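Here come two complexes built around chain A, the first alongside chain B, the second alongside chain C.
Take a look at the complex of A and B:
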């Protein structure tokens, strides 16, 4: 579905933002992209929707080289939600913001209103239908940016820091929506620093550091690998930390496992 | 000594169908570290804007009650005057960056305090060093990553050295190590220099143990305020969907809070209690 072959990119000579990146993301995957500030995450995802073109190497999306396609052509297929929602929001009202892409893709009016209603409901924005986007709270703006992309239903979804400004209830709602879409066959990439969100909801991880892919694997495996995490300025999720502090034989990011191990330890020390 | 006094504060944005802040009373003593949390849209940013006088001075709307910052009644003093005593890092700082280079951005505040050139320079250099972005000094704020921009905004605030720092989700775009180091810097400023800190955060696991008090806002109202462990172990927060640290969740599952009266906030403290070590 998404293939990076030996991709390099630099904004200024002598300093690579991406360096010889190889990455193969199959069909219906749900993947987190992790890495330190400046690691190249945003640069990487901008290559998938064609905003950036590799200076060397090749990026192909569903078999097509992004060099031969425009951002406009890729947009229908690849939905990118920007890290800063204010780069994306421009319409006069929440409703118009959501309808914009749909109208652009020439959807019939009843389809447009059905999808706009769906998106407002899904992201708890219905009460703000007629409000200008800049008059929303930070978290609400982020949800509007997410909603405006999700409502046109692209096959590939790329979300750059989707959980910023979200409380834990909103994160759970977002995660279950992403799981559902992924279950319906969509590819979902989540760029994030939110280790708890990854540990709780995202099965697969790609780790970037200094422009290179340094690890790929299951979240359970990578998030309990302390050396690897430290190498990319990441900290283990709390349950991994707790596993170590409790000296559990097999560190885990699963709440139930930690609770059951902890209650055995409590029982043991009381005897 | 109280450095911030909020009395009977209610506020609605122009045309807002309901109050966005409702009858909030809050006194913060000089040198306190207060954490503010609550669901998205509950009014955290609005409260911050009330503290630095942007509300009502720039936003209009219906304002009632009193906010006094370091002796200044916010409705009677312009925002720039309040800003010298209470510095605010906005939730989305990229939108506030406007200089041509990172260094100019960080020097801008001190320059406007009319400090000598050498002092401006050393403050800017120090602040950039503290947040770990000295290498970006000559970059344009448009040409750096999202997290790097956030660090610039934090450095710009630190360079002003205000007595009260208000930070609205300052770590949202920071990688975990950077987030921890920024929070440690704040804790150090607080304990060593007595700077008053008001911090808005959703990621409570990273900050709860640093704060003297934790306030929970809900739908414009101050629902709870107290010591972080009391607040996080209270039943009221369970229902609210705020980010309860995992250590607290596990401890609650083992019925710690209610049975033993022990209320660990960090995994280390929880582990110590479970393994019967030091408490």
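Take a look at the complex of A and C:
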């Protein structure tokens, strides 16, 4: 689905933001992209919808080289939600904000209003329908930005830091929505620093550091690898820390397993 | 937007970088006056070339040339409009060409003088020097921030454009009016986030006691030294020399 072949990119000569990146993300995957500040995560995802074109190497999305298509054409297929919602909200009302992309893609009016309603319901924004986006709180603006892309139902969905500023109820709602979309066959990429979110909800991880892919694999495998996390300035999830502290033979991020191991250790009976 | 790079300060170690902003300000004022006063293209060319030694000493060639290159676009306009205007008024193509050339050189000279100043003067030093010449700190700070936010703003404009393109906005589509309308989704977030940032910065500064006392102290105080005396001397001498070319030789 998304294929990076030896991709390099630099904003200023001599300093690579991406360096020889190889990556292959399949059809219906749910993947977290992790890495320290400045690792190149945003730069990476901007290559997928053609905002950036590789300076060397090749990026293909469903077999088509991004070099040969425009952002607008790719956008129909690749939905990218930016890190900062204030970089995209502009309409007079929440409703119009949600309709923006739909209208750009020339959808018929009844479909536009159907999708807008869906998005408002899904992200609990219905009561703000006629409010200007700027009057919403930080977390609500973030949700609106997410909704404004999700509403046009792209095949590939990329979210840059979707959980910042969200309370845990909203995080869980977002996670279940992403799971559902993924279950319907969508490819979902989540750029994040929120390790607990990854540990709890996302099965696969790609880890970037200093412009390179330094690890790729299951969340279980990568989030319990202490050296790797330290190297990329990332805080391990609490369950991983707990399993290290308990000196588990096989550290894990699975709550059930940690609990049962812990109760064995204290000699108590299983729950 | 590339033109702006030609005015964005970068740390440097040359003598010129270390000269007091007040001394450099003298250069800017005197030579700006000359660009306005002179009419003859050759004299204007001399004024322009006055910034060349500074560019060479401070090693800002590549950035400086970006500002000049960027201004070439405007020069085309200036030349054409000036040409049309003069031909219209006097009917003389010769006058129009000469005046067009003068105008263009004058413009490049101005760009060059200001570019040299801003490229080698850090915003902090500039603010401090303004304070030391008794400009109220509030104004000096406002100026400083405006300067520093220009590059931030152009970067932000780029991000916003990217964000909207990702939602299917095609900036280059449609007729002229349509295209102007296409900029609305870019301009509104840009303006709003600028206000938002201004508010944030103001709140953050007040939270750190900005304005608590009438008279602030400074971490660094600028002092004029020998190199400033030398710089001012050279500046004033070349200013007088150029001025005398017009006054004594009678070249316009």
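Just so it is clear, the second predicted complex is superposed on the first by the 265 of 271 C-alpha atoms of A that agree within 3 Å, B and C clash if a C-alpha of one lies under 4 Å from a C-alpha of the other, contacts with A are read in each partner's own complex, and residues count from 1 in each chain.
In this text, a residue touches a chain if its C-beta (ideal position, glycine included) is under 8 Å from a C-beta of that chain, and two chains touch if they have at least 3 such contacts.
Keep in mind the model is a prediction, meaning the values are calculated, not measured.
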Practice prompt. Record, for the superposition on chain A, whether partners chain B and chain C clash or fit.
Written response: clash
Worksheet item: In the superposed arrangement, which partner chain does A:101 touch: chain B (first), chain C (second), both, or neither?
Response: second
Worksheet item: Looking at the overlay, does A:69 come into contact with chain B only (first), chain C only (second), both, or neither?
Response: neither
Item to complete: Specify the partner with more touching residues on chain A, choosing between chain B and chain C.
Response: B
Worksheet item: Looking at the overlay, what does A:241 touch: chain B (first), chain C (second), both, or neither?
Response: first
Discussion item. Contacts for A:49 in the overlay, against chain B (first) and chain C (second): which applies, first, second, both or neither?
Written reply: second
Item to complete: Go through the superposed model and pick first if A:60 touches only chain B, second if only chain C, both, or neither.
Response: neither
Item to complete: In the overlay, answer first, second, both or neither for which of chain B and chain C A:86 touches.
Response: both
Item to complete: Kindly point out the stretch of chain B, out of 93-101, 129-137 or 147-155, that overlaps with chain C after superposition on chain A.
Response: 93-101
Worksheet, complete the sentence: Both chain B and chain C touch chain A at residues 84, 86
Response to the item:
chain B residues touching chain A in their complex are 13, 38-41, 45, 91-92, 94-95, 143-148, 151, 168-169, 172-180, 202-203, 205, 240-247, 249-250, 253-254, 267-268, 270-271, 274-276
Worksheet item: Okay, in this complex, where on chain A does chain C touch?
Response: 46, 49, 51, 70-72, 75-76, 78-80, 82, 84, 86-90, 100-101, 104-105, 134, 148-149, 152
Worksheet item: In the complex formed with chain B, which residues of chain A make contact?
Response: 11, 35-39, 42, 83-86, 135-140, 143, 160-161, 164-172, 193-196, 232-235, 237-239, 241-242, 245-247, 255, 258-259, 262-263, 265-266, 269
Worksheet item: What does chain C use to touch chain A in their complex?
Response: 156, 159-160, 162-170, 184-186, 188-189, 192-193, 196
